[in-house]
Each structure stands twice: as C-alpha cells, then as structure tokens.
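Please find the structures below.
Both complexes below contain subunit A, partnered by subunit B and then by subunit C.
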Partner chain A sequence: MRQERLSLVLSVGLLAGLAVVPLVTAANTVLNFLVFAMILALAAHGWNLLAGYAGQFSFGHAAFFGVGAYGGALLQMRAGINPWVAFLGGIMLAGIVGAVIGALSFRADLRGSYFSLVTLAFAEVLRILVNATPATGGAAGLLIPLDVRFANFQFASRAAFYWIALALVALVTLLMLVIENTRFGAYLTAIRENEDAARALGVDVFAEKIKAMTLSAAITGAAGGLYAQYFLYLDANIGFGPWISIEALVAPIIGGLGTAAGPLVGALALQMLGEMSKTVAGRIPGIDLVLFGLLLVLVIAFMRRGVVGQLQRLAMARGGA
Partner chain B sequence: MMFSPEIVMAAVLNGVMTGSVYALIALGLTLVYGVLHIINFAHGAMLTAAMFAVFVGHAVFRIDPYAMIAVVAPLFFALGYALQRWVIGPAAHGSESNVLLVTLGLSIMIENALLAGFRSDTRSIDVPYAFSSLDLGFTFLSVPRLVAFGVSIAVAFLLWLLLARTDAGKAIRAVAKEPTGAELVGIRVEHVFAVTFGLGAACVAVAACLLMPTFYVSPRIGNAFVLVAFTIVVLGGMGSIPGAVLGALFVGVVESLSGLFFNESLAQLGVFLIFILVLLLRPRGLFGAKA
Partner chain C sequence: MLETHALTKHFGGLRAVDGATLSVEAGTITGLIGPNGAGKTTLFAMISGFEEPTSGTVTFAGEDVTRESAHKRARRGIARTFQIVRPFAGLTVRQNIAVGAYLRHPSRTDALRKAEEVAQQVGLAPQIDRPASELTVAGRKRLELARALAIEPKLLLLDEVLAGLNPSEIRDMLPVLRSVRDGGITILMVEHVMQAIMSLCDVVHVLAQGVMIAQGTPDEIARDPRVIEAYLGAGAAKRLEAARAHA
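Here is the complex of A and B:
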C-alpha cells in the first residue's frame, strides 16, 4: 500500500473511532485526555508540514502556539472581539509571525541546525518578553473570563469542544493529503531532498519555504488558540515554553515524519505515555519528558519512519502492492 | 552616561574572566563541530549535569569544587566517549538532522531527569573563598574568577598542545580533514570521533567546576550558557579553536560592559537577541572560517 493510501485509511479509521467516544462515555478524564491529544495533534501537524514535508526542523514551534493562544485571548479580552473571530485572528497572527521569522531566517540562508537554533531562540525571546510585559498578564498569566455560551466559544459540555477540536484535526489531515498531491507538496519534497537541486530546477525555494512556514505556524497557532479556549488560562511557560516545541516535534516523529497520519498517531501515543508515567511516577516533574526524549532517540535509532512507516512495511510484507 | 576609566577597566577585566569560562564551553562545542561536523545540542545539558555533579560532590562528600576537576573531567570524558560511540553515532545513521534530533532527545532526557531528581530550585555551594579578592588599586579582582581564567587558559593551551603536538592530535586533525582518507591509512575513525566528543564533554566538565564556586545551578541553566557558546562559536567561525577563544573573550567583555548600561533583567533577553542577530547577519563568523 502506498504511504498516502495508508495514511488516508489510518486517519479515517482513527478519526471515526475517536468521534464516537463521547457517545460511549462521558467521563471527564477520558474527554480531557482526548481534547489534549487533539490539541497536540494539531500542533504536531503544523510542525510536520515544515519538518516532515519541507525538511526544515524547527525547535521553536512554541512561538506559534503561543502567538495563537495569546493572540486569541488578547483579541477577545482587550479588544472585545468575538472569541470565534479572535480565535481566527490568533491563527492569522501566528501565520504572520511564522512568515516574518521564516523570511528573516531563510533570507540569511539558515539551513539545518542553524535554522533549528534560530527558531529556538525566537521562541525564547517571545517567552521572556511575554513574561515581562504587563499587557500580556506578565508572570501572573492571563485568565479568560468564564462565560459559558456558544457565542463565546465556551461550552458546558466537554464533548462539544472535543468534536470541534477533532473536526479541526480532520480538516488539517485532509489539507495535508491534498498538499501531498499538489505542485506545492512536490516543491516541498524537492526542497527537503536537495534544496540546491530544487533551485536549479526552477523552484522558488525561498517563496515555497515561506509558504510552508506560514501555513505551519498558522496550524500550530490554531492548537494554541484551542488550548486557550479550553483551559481559559495562559502563562508564558504554557504558551511559549519548550514543552510544546518538544511535544509538537516528538509526536510526528513517533507517528511517522512527513506522513499525514503521523501527527495524530504520535499525539495519541505521547499522550498515553504521558498519562501512564503520571500514574506510575506520580507528580514528579519531568518524568514524562524524560520518556519522550528516550522515545525520540529510540525511534530515530530503530524506526526512522515511525509507526506509519512500520505499518507500511508490514502491509508490504503481506503482499500489498 | 559616562563612567570613569577605572570602572570601565574593571568591567573589561571582569568580562575577560567570564569570557574565559565561556571559551571553555565554546571550545568543546567547536571541537566537536570541527571534527565530527555535527552540532551537539546536548552540550548545555552536559554542562548542567556536570554542575550538579560538582554540587553533589560538595554537598555530600565535602569535596572542593576545584578538586572535583580530577573527578568530573575523566568521568565526563568517558561519558562523552560512550555517548558518541554507542548512542549518537549508531543512532544517527550519518544524517545531520538525525544527529540534531538524537542530541535534542538526549538533552531533554538529561535536563528532565535532573528536574525530577533535584526539582527546579536553584542551588549553590558555599566555599570560604567565594568572595575573596585581590586589590589591584583601582579595583578588586575576584579570586575564584581569576582561578577560572587561569585554568581555562591552561586547558585551552593543553588542548592546543594535544591537537598540534601529539599523534592522537594528528589523528584527530586527519579525521577532521578527510575521514575516508584517515580510515584508509588505518585510523579508527569511530574511535577518534568518540575521543573528540569525550574531549568536548571534559571541557564542559572543567567549566562546571570553575563556575560552581561563584554561580548557581538549576536543571535548565545549561540553555543560557549553551546559547552564549553557540553565539561565540558562530562569531568565531564554526570549528575554529582560536576563533572560539577570541569570540568568547569578546562576548565576555561585551556582556560585562553592557551590564553597566542596561538593567540586569534584560541580560537574559540580550543573550538570545544577540544570538539571533549574529546568525541572521553574519553566519560565516567574524574571524573568517566558513560556517
């Protein structure tokens, strides 16, 4: 089976299965778990577009998660904009920040490790600035006023919020499957495999990388916006902290780098691992991240193409064409 | 704002002292880059781990931080050797992005294991000479910083001697220039890679011993130092040892002088901003060597 077909089948199966969960159980722990997995999957999709498809490994996607989260929250709290519109505004702001960081970095021709390092530094700069600025709530953080109404993007039922998050993940998965079959997707693959060769063949490398970065940042920004609406609280370490840069990167690598199903598969796996570590180790800080780091090393060493790649190999071994 | 020459002179001296410890951290980074052509993202986490080792050595066994050099430098050399030989090398399958991701994975593991073990509190050690100083007439020079300066310069000199004057150094230089050719004349390239990585780790271990008498440690402290070290290495030219030393002294002095003009809380931000600016404006380094 081709990777795209496998990703399609896997995504449809998973999403359909996930969609019926609230009909089976209304347990808060289950729904919390799933909402968080969807937020992570969305952030991971954004990272995967840039790294998995275009070969640019960002270590600072927290920048876009944070801009999406803070952008949405501040637009509704300080500018009085409707939360749904503010959510979209946050996504657009994240896209703009992505375009600016991309333009600066790619203009300086930062590749490979240099790009990773500079994105990390940008995320840290934003974290420190947000933490020090009174307008963004400073170190105390930002509390979005509780006012449960559909018009406010706040719901009494967790299931409703979960379905919206799930729908967004489905939409982005579809977008990735479409991109794989467009000229844009082919350009990104060409850039990933050999940037100089792609340029020689007439691909406008700079423009395509900026497009990928903008879209990637917007998708991860949407994850941040969802986080803000669900938890109604933000601080600089939640929005811009290294944790989300790490998780948005580890999830697609576990699931399958550069595949449309990878981010969702990886996000569910990470989330499960995180919960299990909490059950076993209790409230010791950092244990879950130790496991994520270990998993990252193991997957790179032994399973370079992640779960999706492994499934594909199994399917091929069984004789699928 | 004007400052008297004495104050500026004192700030420059202090900057040189701080810069010398940066030089040690940057030397490890640039040595590994120059020979293995990889960026070791776990460099900062290794520094943090070494600082905690010095902390534990002092808190539990009452060993002086300077005496700890004899313990942690060989220990970290062995750890670095093992990491490169049996973890990073095999796991990376020779791809740059894999190396970056594997060393990122390692740094996440080290940092968070330290967080789990020591929590996020900052810790420091108490030594009787922490505040002793020499009177230079126009200013006081902190003794621990003077020791740090002397030891850093000595280590840099030893490293240069090793690379320039010994057979092991010749092998390292051969591998750096032409790994395939080195392999053909019988040099065990994997071994040389691991030795180089071990030397890089030993450099941060020594830096940790020099830092602990006057500085504090927390699980995430390595990040700030490593970005300073990256800035230095990029300024000095990736892989260039004199570049790293000059770059480090330069950054140390700039940091110390800007401390006179800007308030303290901006310092943390400054590290990252300078790093971004250096990368965006001058990716090839100020001192020539091509990035």
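Here is the complex of A and C:
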C-alpha cells in the first residue's frame, strides 16, 4: 500500500474512533487527555508541513504557538473582539510572523542547522519579550475571563470543545492529503530532496518555502489559540517555551515524518507515554522529557518514517509475499 | 538562441572562465569540450543562473538574462543537467520527472501524464515506479535528462550525461539525444566522450583554462593544433606532426 493511502486509511480510522469517545465516556481525565492530544497533533501538523514535507527543521515552533495563543487572547481581552474572530485573528498573526521569520531566514539562505538555530532564537526572544511586557501580562500571565457561552468559544461541556479540536485536526489532515497531490506538495518534497535540482526545474525555492512557513505557522498558531480557549490561562513559558517546540517535532518524528497521519499518531503516542511516565515514575521532574528523548533515539535508530513507515513496510511485506 | 559575451568568473584569484564568447544556433547540437578544470561546468552555471558572472553577459532569445535567477531562466526555457547527478532520492522516477513537468502542467494528472511520456522517450519506462535511489549510474543520467526535458525547454544544457556509461549504454543514448534535437530542442553539451561529440555535434567550441581557444566542425576541431596542445601539452602538435612525417 502506498504511504498516502495508508495515511488516509489510518487517519480516517483514528479520527472516526476518536470522534465517538465522548459518547462512550464522559470522564474528565479522558477528555482532558484527548483535548491536549488534539492540540499537540495540530501543532505537530504545522511543524510536519515545514520539516517533514519541505525539509526545513524548525526548533522554534513555539513562536507560532505563542503568537496564536496570545494573539487570540489579547484580541478578545484588549480589543474586545469576539473570541471566535480573535481565534482566527491569532491564526493569521501566527501566519504573518511565520512569513516574516521565513523571509528573514530564507533571504539570508539559512539552511540545515543554521535555520534550526535561528528559529529557536526567534522563539526565545519572543518568550523573553512577552515575559517582560506588561501589555501581555508579563510574568504573571494572562487570564481570559470565564464567561461560558458558545458565542465566547467557551463550553460547559468538554466534549463540545473536544469535537471542535478534533474537527480542526481532521480539517488539517485533509489539507495535508490534498497538498500531497498538488504541485505545491511536489515542489516542497523536491526542495527537501535537493534545492538546486528544484531550482533548475523552475521552482521558486524562496517563494515555496515562504508559503510553507506561513501555512505551517498558521496551523501551529491554531493549536496555540485552542490551548488559550481551553485552559483560559497563558504565560510566556506556556506560549513560547521550548516544551511545545520539542513536542511539535517529536510527535511527527515518532508518528511518521512527512506523512499526513504521522502527527496525529505521534501526538497520541506521546500523550500516552507522558501519562504512563507519570504513573510509573511518579513525580520526578522532567521524566517525560527523558522518555521522549529515549523514544526519539529509538525511532530514529530503528524506524525510519516512524510508526506510519513501519506499518507501511509491514503492509508491503504482507502484500508482496 | 544563446549568446555569451566575454563571460568571466573569478573564484578568488582563480580565473575559472575568462572572457568566454560563444553562440549557439537554434536547432543545433553544439559541443563544448576542454580538459578537466577548463571551466565548462562553471560556464554552464553562469548560463543557467547558478553562478553570477564576475563580468560579461548572457543573452537568451534576444534578451539579456545575465542577472536573472535560475528558476526564472528555467521558466524561459533553459534546462540544465548536473554533472554530479542530483536525483530526488526519496521519490520515485515518476515523481522526479513530474516535478519538472509541473512547470508547464499545473494539474497533477497532466504532469504525471507528461512524466510518463518523457520516461518513455529516454528509456526509463520500465523503472518508472522505482525509487530514484535504486537506479544505476546509467539510470541516474537518464533521469537527469528526463527531468530537464520535462520542463519542455528551448535550450538544453547537458553536462557530461554520457560520463560513466559503458559503450553500449552510450550507443543507446545517442539516438535519444538526436530525437531530442529533432523534436526542436537546441542542445549545448559538455562531453569528454569524443565519439559522441564527433557523431552528434554540428559545431564544437573548445575551452582551455577558462579561455575559448577554438571553434568549428568536429572534424576541424579534431585536426586543430591548438586543441591538440590544450589536451596533450605544449609542443604536442609538432611532435605528432613529426611522428607522422617520420612514419
């Protein structure tokens, strides 16, 4: 089975299964777990578009997560904009920040680890600025006022919020599956495989990278916006801290780099691992990060293209036999 | 179709190409030969937009393209292959060629159809669904050619597409190149395989140490003392002449 088909089947199966969970259980722990997994999957999808498809490894997707989160929160709190519209505004702001960071780095022709380091630096600068600026709540953070109404993007039922998050993940998965079958997608993979060869074939490498970066940032920004609406609290470390940059990249690598199903598969796996590490290892601080690191090493060593790649090989071995 | 005027490229103190003037007539196969390190690849890089010249101009179809970026020149119809092949290793042969085909065929169906057509033309049809990384040297050279053809160029720059092929593989490639020319694409080719140059080219230019030293038909070039000296060292032509007289 081709990877694209497998990703489609896997995504549809997982999303359908996930959609019925609230009908089976209303347990808060389960829904919290799943909402968080969806937020992570969305952030991971954004990172995967840029790194998995276009080959540009960002270490600073926290920048876009944070802009999406803070953008949405500040637009509703300070400008009085409806939270749904503010959410979209946050996504757009994240996209713009992505385009700007992309233009600066790609104009300077930063590639490989140089690009990674510069994105990390941008995220850190934003984190420090937001932490020091009173207008963004400073070190105390931002508390979005509780006002539970549908019109406010706040729900009494966790299930309702979860379904919206799930729908966003489904939408983005669909978008990735579509992109894989377009010229844009072909150009991104060409850039990933060999930039000069792509240029020789008429690909405007700079423009395509900017497009990828913008879309990638907007998607990860949506994850940030969801986070803000769900927890109604933000501080600079939540919004712009390295944790989200790391999780957004570990999930797709475990799930399957450059595959449409990878981010969701990886996000669920990571979340489960995080929960397990909490029950098994208790409250040793940072134990989940240690486990992520270990898992990452194992996946990179033994499973190219992560879980999805592994499943594909199994399917091919069976189909080919 | 293509003219370069006094094209020069310095790398630090090294004059890789020094005042190269050449013109390529539409509809021909033009050869560019010269010893290793003569500057042939560098000249190609300046024509295709991968290196910016230190001085001089490149004119394509009557327009000055000297400072234009590589992708814009590709869109104008200048295609190149790379001497050191650069396949999209993680993609299949079909996907590789399709990247080129997308330039003129934005829809996926059309691009994939075009890719299939080009694969057929260069003899890659049997491997079309194999990963590019599994191709042999000969296969990779064909893939370079196929991708370049897929952008439907007016001018095709071939940088040693026959290097590394065995004699029978070379024999298979010659008719392919002729068919490309007969299809209306002008070819400028760098090649060390003299048999190919002799049988394919209408005109040959010779570059040595960055300088254009001769041009003419393949027969004229093969007898030109300056060319013989460029390859075999100073005095070689005289020695050959003497040896011939002696015999």
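One rule holds in what follows: the second predicted complex is superposed on the first by the 319 of 321 C-alpha atoms of A that agree within 3 Å, B and C clash if a C-alpha of one lies under 4 Å from a C-alpha of the other, contacts with A are read in each partner's own complex, and residues count from 1 in each chain.
Keep this in mind: a contact is a pair of C-beta atoms (placed from the backbone, for glycine too) under 8 Å apart; a residue touches a chain by one contact, two chains touch by 3 or more.
Just so it is clear, the structure is predicted and the values come from calculations on it, not from any experiment.
Asks: Clash or fit: how do subunit B and subunit C relate after the overlay on subunit A?
Replies: On the superposed model, which is not a single observed complex, subunit B and subunit C fit side by side.
Asks: First (subunit B), second (subunit C), both or neither: which does A:K278 touch?
Replies: Once the two structures are laid over each other on A, A:K278 reaches no partner at all.
Asks: Regarding the shared-chain residue A:R313, is it in contact with subunit B (first), subunit C (second), both, or neither?
Replies: neither
Asks: Should A:R5 be classified as contacting the first partner (subunit B), the second (subunit C), both, or neither?
Replies: neither
Asks: Who does A:R78 touch here: subunit B (first), subunit C (second), both, or neither?
Replies: neither
Asks: By residue count, which of the two partners contacts subunit A more extensively, subunit B or subunit C?
Replies: Here the partner covering more residues of subunit A is B.
Asks: Is A:R149 contacted by the first partner subunit B, the second partner subunit C, both or neither?
Replies: A:R149 contacts neither subunit B nor subunit C.
Asks: Give one of first, second, both or neither to describe whether A:A186 is in contact with subunit B, with subunit C, with both, or with none.
Replies: In the superposed model, A:A186 contacts subunit C only, not subunit B.
Asks: Once both complexes sit on top of each other, what is the least C-alpha distance from subunit B to subunit C, rounded to whole angstrom?
Replies: Comparing every C-alpha of subunit B with every C-alpha of subunit C, the smallest gap is 12 Å.
Asks: On subunit A, which stretch or stretches are contacted by subunit B in one complex as well as by subunit C in the other?
Replies: None.
Asks: Which stretch or stretches of subunit B touch subunit A in the complex?
Replies: 39, 41, 87, 90-93, 96-98, 100-102, 104-109, 111-116, 119-120, 219, 223, 227, 230, 265, 268-269, 272-273, 275-276, 279-281, 283, 291
Asks: Looking at the complex, which residues from subunit C come into contact with subunit A?
Replies: 48, 50, 69-71, 74-75, 79-80, 82, 86-91, 95, 98-100, 102-103, 106, 108, 111, 147-148, 150-151
Asks: So in the complex, which bits of subunit A are touching subunit C?
Replies: Interface residues on the subunit A side: 181-183, 186-187, 189-190, 192-194, 196-205.
Asks: Going by the contact rule set out above, which residues of subunit A touch subunit B in the complex?
Replies: 55, 57, 59, 104-105, 107-110, 112-114, 116-118, 121-122, 124-125, 128-129, 132, 246, 249, 253, 281, 284-287, 289-290, 292-297, 300-301, 304
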